[in-house]
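Paired with subunit B in one complex and with subunit C in the other, subunit A is shared by the two complexes that follow.
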Partner chain A sequence: MSVDLSQFIPSFLEESFEGLELMESSLLSLQAGDNETIHSIFRAAHSIKGGAGTFGFDVVTEFTHLVETLLDEMRDGRREVSPKDVEILLASVDCMRLLIEAARDDENYDKDKVAQTTMLLNEALSSGGEKSAGEKISQQSDNTEQSTGKSDTSTFSIHFVPEHNLAKTGNDPLFLFNALADLGQLTTVANTGELPALTDIDVQELYLSWDLTLITGATKDEVHEIFEWVEDDCLLEIKKIDKEPLVNPSDGEKETVSVNEIRAASNIENESNSQEIYPANDNSVVKKQATKTKAKAKVEVSSIRVGVDKVDNLINLVGELVITQSMLSELGSDFNMDKIERLTSGLEQLLQNTKELQESVMRIRMLPISFAFNRFPRLVHDLAIKTGKEIELVIKGEQTELDKTVMEQIGDPLVHLVRNAVDHGIEPAEIRLANGKSAKGTISLDAYHQGGNIVIEISDDGGGINRQKVFAKAVEKGIIEPNATLADNQIFDLLFEPGFSTADQVTDISGRGVGMDVVKRNIQSLGGRIQVESTPGQGSCFKVNLPLTLAILDGQLVKVGTETYIIPLISIVESLQVDKDLINRVSGDMTLYRLRDENVPILPVYQLFGLATEHTEIDNALLVVVEADGQKVGLMVDHLLAQQQVVIKSLKDNYQQVIGISGATILGDGSVAMILDTPGIIQMALAYAQNKQRDMASYKQFAIGEQC
Partner chain B sequence: MAKVLVVDDSNSIRDMVCFTLKSAGYQYVEAKDGREGLTKAQAESFDLVISDVNMPNMDGIDLCTELRKLPNFKFTPVLMLTTESSTDMKMRGKAAGATGWLVKPFNPEKLLATIKRVVR
Partner chain C sequence: MDIQELVSDVPVQGEHSIEGIDFITSGKQYLTFLLNLEQYAVDILCVEEIRSWEIPTKIPNAPSYIKGVINMRGIIVPIVDLRLKFSIGEATYHETTVVIVLTYQAEDTGRTIGFVVDAVSDVLNVESKDIKNSPAFGGCMQPQYIEGLINVGKNVVTLLNVENLQYVEKHAI
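Up next, the complex of A and B:
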């Protein structure tokens, strides 16, 4: 029979990546003599090796074998845990990750890096430990199985004398004979000579021995293999009898039992006409079953681990929902006005159930941010070595939960910010000491919930942002005029301008000036924002503010003409009734509104989307002031409706991207409402506005940070 | 049909083994480490135990030693799953009372063919 293994590959990959993470974090905290940690690192490597072999990722197996050998020496105390070895092991973890990813995507990997690390591993193995490095992996493909003699049958004579206590090892001669019979035609003759007197028989002992004759197409090795587990507990002779009566001396030579190298078959068949797939066995883990790809196509690991308590809670809630539903349907089948009170309370209960259910389901997608933070100890460790700085990383709030999608997308921006903190933030040790600080710099990562948002802080105790330098650079790049006066916040915002970098030297860590603008754009595309605080000589802090989830949004419903739109609550600064004295018409189409000490451009939404409405008069219109990119605009709408949570449906998936619209939702009455994309709308508006107005507006206002 | 206890800390290997067993009509019970395996063995009898060697909490060798102390498991075949094909490993298994070993990597056909030597 053939069993298709490819369905287990996603689960193997997921497990391997977890194993690699464990190896990495354990290696970073590894102290000499910490045997428990070494054991767990070893186990992780060991599992990866075993799985990789089973699933046919031979390159992974081979490489991991070296890693495992090194770890094994550490585990047995034959090798001291030295920082050098730890570095090699960390590099090996990277290679294993590369190899596994390459195997997953069926793509090429960085052969040089793997070869280099392999060399380092071999060197380490040939020095330190006593064990020889040249030990070749015994895993062999059975594809080379000699086919000679397959076609014609041969006869074997087997003399088998088991030890009396063979049964206690769990072996049973009957099963062995059955297995032999599977190979061909078997005749058995039992010798009862050793049987003691009936009274002396111990029922748990074996007294028989056998002479067997097997006519089979199998090779001698295959016959011998069946006795693999018992050969130390028996006397075994296997002779091949030639068809000719004349005994060939070389063939008939008695085989003395020796330790046989065991060869395991690794020829995993990737047959595309695989059989029916049974659902994989899930043990208290909800897995999104990855769609099975028949070929070795890209296997995206897209499952999620959820605590049992969350699932139980969910099932509980569904139970309640079913009860409420049955109560309501009973009520509806025979309804009269006397029962109106029960109906109301039933509906209220339904509302409660739905809300709790929604919250619980959302919680399933929430993962502790430690998933994103986990990679930083390693990153900082490597960067510190590269830059020659001493750096300590402090991580707080790693249990703070965040939506999985948001987490996946925030990873890269965070890496960038941490790199910056190491490279630009922390000063070299001499300067730190000269400034009366400890030589070791500290970078902290912190995450906490604030309202419906999560705040991630990346702070360092370095030199702070040099305002003069930033200013000079911005002038040099032509971003601002030399005589401009800017507040701190505005100076810091310059860091996020495209093509801006203050690093004196471009290093390979950071400072190429591609990045901070991308960081900001990524964060904004997640509906979040970033702000900077910095004190000269004491350090900087980057605060990233993100919504907890991308699936649901708190929105303000507004009416324009016959259409209902939704404005994300997070972008609304305030809503107001226009005072006509504060309206300021400037040249062009632009109308500005004096909002305290700022001028806010007014954008009539009906014009933007070409709608017909009676409310075209600006003088006493309703303005919803929204903000994005540090820019405020007043959206002119007909009416303000309710505030509510809406479920975001992608326009891109269902229709196509539309400028100024970030998505759609379905309202309670079943109609579709568009969700306005604040940054998009502001860009649309700015496209109309003149450059001069843009400069004025963007520098004559508070930075985003002061609003919250 | 025979009932098998499968002990391995790796989900994918365990899934693979169980799936293979199931497709051949065996019944199985899973355990994620030696300790859990022992608990399950104390609760019911099995016709075969397949166990990994390297596991947290209790490894396969200790599990085997403990199983042999249980009256129900005196003659039950216990197969060790191992990537280590060294004689040393096999001797340790033998000493603990293991029936045999399956060297990883193995494929389902091999697994089924091999366990036929100890269970039907």
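Up next, the complex of A and C:
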């Protein structure tokens, strides 16, 4: 049995990123003298260092060691927690993330940035810690120059008796000794007394124990720390001795072995056993490279951590389902009309079970939105420094759960909205004070459930959206006529026009006018909406409304010819029967329907999809008015059927994306029905209109693309 | 039965262990089917299942040879009519019209597509040396779909390339 370390790398990476997040959020809330927080930051850094060492990510280990040293000084109270140090640590967290990502993808990292941060760290280490100038350890990253020559060196005698199964836990004494040797001058004496006869040796067991002597400038804690990972699996005594230790090399069973010799020995052991018990340096390097290339070719596998309670609940529900099933099958084996009542109640129970099961399965994909919110404290902190504004971030409802896929895709739009709030929303402190507000601006993030949706609010108490400015800008860009009268929400909608920006100056945070349209498009592609509310002088609020999950949607079933289609309920404005007096034919062949004071173009679905149907007359037809991108259209269908929840299946798995169709689903009778994609249909109709001068064939060409 | 017995039971190359059924050969097995009067073959390991014809749900604005999609145990499977795709015979649907569902498993992705054929006929054992190259001219089938030709008695069977067939809608003319 060889221990294949590479299988643990993904979990190491996952844990490391979690650790980095923890470090980041703790650093942001770090106050001087808050030892608990420093401890937790230190622990996170320490785990990353340990893991990186085990998996051979040496750059990460080296760098993290520096960070850890700085943290250690803070932990021991030898260094005051200053804002400058926090900044350096935040930059270090960035570097660690960079390094770990580079290690994961086996790519090169930004060496300059790392070198710069390393320099900052070293500077901080040498300048800071005034309280302990004497105790300071030299921290050259290459660790070649040791502080052995210093007057305050001390000698430790370490008695190290590992348990026999130490190697199986993935630890290698050699690594420990290497780490000790880095601290100072190390003499190792191996005790081979417990070695059994050659025939009785279990190659995976460790029979040796060691007496080590270390002359170093490090403290006892630092020496002890090296053994932290194996502490539970060994007998360890570390004693500080004042005199030069007495090493007796000629002692019968003991022999002095240098670290290099142990290394050589374990290499031989490796070769002779052809097993990876002691991943000795040379072998592990080769192996590491092999597994790295393998991992790179593999598509990134994502995983979810699920609480045990959710799984237990699922098992309960499956149990109930099995009971219902056996009840029904017993009923079915000997059925007569007398038992019809039992059958109906059984079926009802089945319905109930299935619903609950569906909900529970969905809940497994749900994660608290704090996963998406976590990055904002840091973002706002950095942006606040950059813009010179004072900003407080308030996060509420971070336990609100959201589908993992939605969460992954909503991250970037949210970042954009928060950046905007910092840059455009919150005014500089002077203006705030002049307007009678506190100098510190507040941005709040809130998430809550509403119906089957989740609402995320990004609000600020800044100056609000300047309607005149937006209006003037829109006129300038030629989006609207100068004499148009627009309602508030129409003005706010202008913000989402491509290339629209009211910022007077383009900063590197925002103002280029790229983005809000992308934000809106991203949110719409998730089946969501975005609304803007703003009061001048009081602030603005962006409300993002998202479906809880992408796997299921509420749909209206409609019939066109022989085909059944599903229109997502979220996009439907209303359904109505056409009153022929309200139909207008304009500009050639366009059919408009007067819906109150709006003119809505009518799109016959049979025409768009090239279907045969008897219902080609517009008079008295059924219209489903849908809205996307602020454009309303009336889809002409033959019949309206039921409304139901449908499970979305991808067409892309076995076919390709179809324009106007967002996916397919399986109906109760086992047949497949297509789900209409409202924005896609509107685009189709636009292309159709543009091609109208030509003939139907060219339109079809567009719809089919390069297929024929 | 223990391992040793099993080992001795495995027939040597070409030997038929069970009468009438080719148990193990060094070559591969191919499923043959008819398109009009022409015989075609696909690697049998790619065959997911053989289904009877059912009317699929249309895909809007798809090429005519894509008949639509069906539900195969919860998987949405597109249906391609090979007779229309290769312009062989008439696309009529009667009792022997079947759908051969093929799955091609590439490294990280797999696609499942159903192909309408006139009838399924036989399973062939073919050594790789018996697969001949197809002449590069004639016929209205694009060369990337043809793996080679197999002589069976007096007849010639066209061996199709399942990998390229799976992306039939991508590389159309």
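A few points about this structure:
Methods note: the second predicted complex is superposed on the first by the 506 of 708 C-alpha atoms of A that agree within 3 Å, B and C clash if a C-alpha of one lies under 4 Å from a C-alpha of the other, contacts with A are read in each partner's own complex, and residues count from 1 in each chain.
Criterion: contacts are C-beta pairs under 8 Å (C-beta built on N, C-alpha and C of every residue); 3 or more make two chains touch, one makes a residue touch a chain.
As the structure is a prediction and not an experimental result, all values here were calculated from the model.
Of the two partner chains, subunit B is the only one touched by A:232; subunit C is not.
Of the two partner chains placed around the shared chain by superposition, neither subunit B nor subunit C is touched by A:316. In the superposition on chain A, A:43 makes contact with subunit B only, while subunit C stays out of contact range. In the superposed model, A:53 lies in contact with subunit B only, and not with subunit C. In the superposed model, A:11 makes contact with subunit B only, not with subunit C. In the superposed pair of complexes, A:167 makes contact with subunit B only, with no contact to subunit C. Contact with neither subunit B nor subunit C is seen for A:344 once the two complexes are overlaid on the shared chain. Counting the residues of subunit A that each partner touches, subunit B and subunit C differ, and the larger count belongs to B.
Applying the stated touch rule to the two superposed structures, the subunit B and subunit C interfaces on subunit A have no residue in common.
Every residue of subunit A that touches subunit B in the complex is listed here, in rising order: 1-3, 5, 7-9, 11-12, 15, 40, 42-43, 46-47, 49-56, 61, 138-139, 167-172, 175-176, 178-179, 182, 204, 226, 228-229, 232, 259, 261-269, 278, 280-281, 283. Partner subunit C is touched in their complex by these residues of subunit A: 298-299, 563-564, 608-611, 649-651, 653-656, 658-661, 664, 666, 670-674, 700, 703-704, 706-708. Residue ranges on subunit B touching subunit A, taken from their complex, read 9-13, 15-16, 18-20, 22-24, 30, 32, 54-56, 68, 74-78, 81, 83, 85, 87, 94, 97-110, 112-113, 116-120. Across the complex, subunit C meets subunit A through its residues 56-63, 66, 68-71, 74-78, 108, 111-113, 169-170, 172-173.
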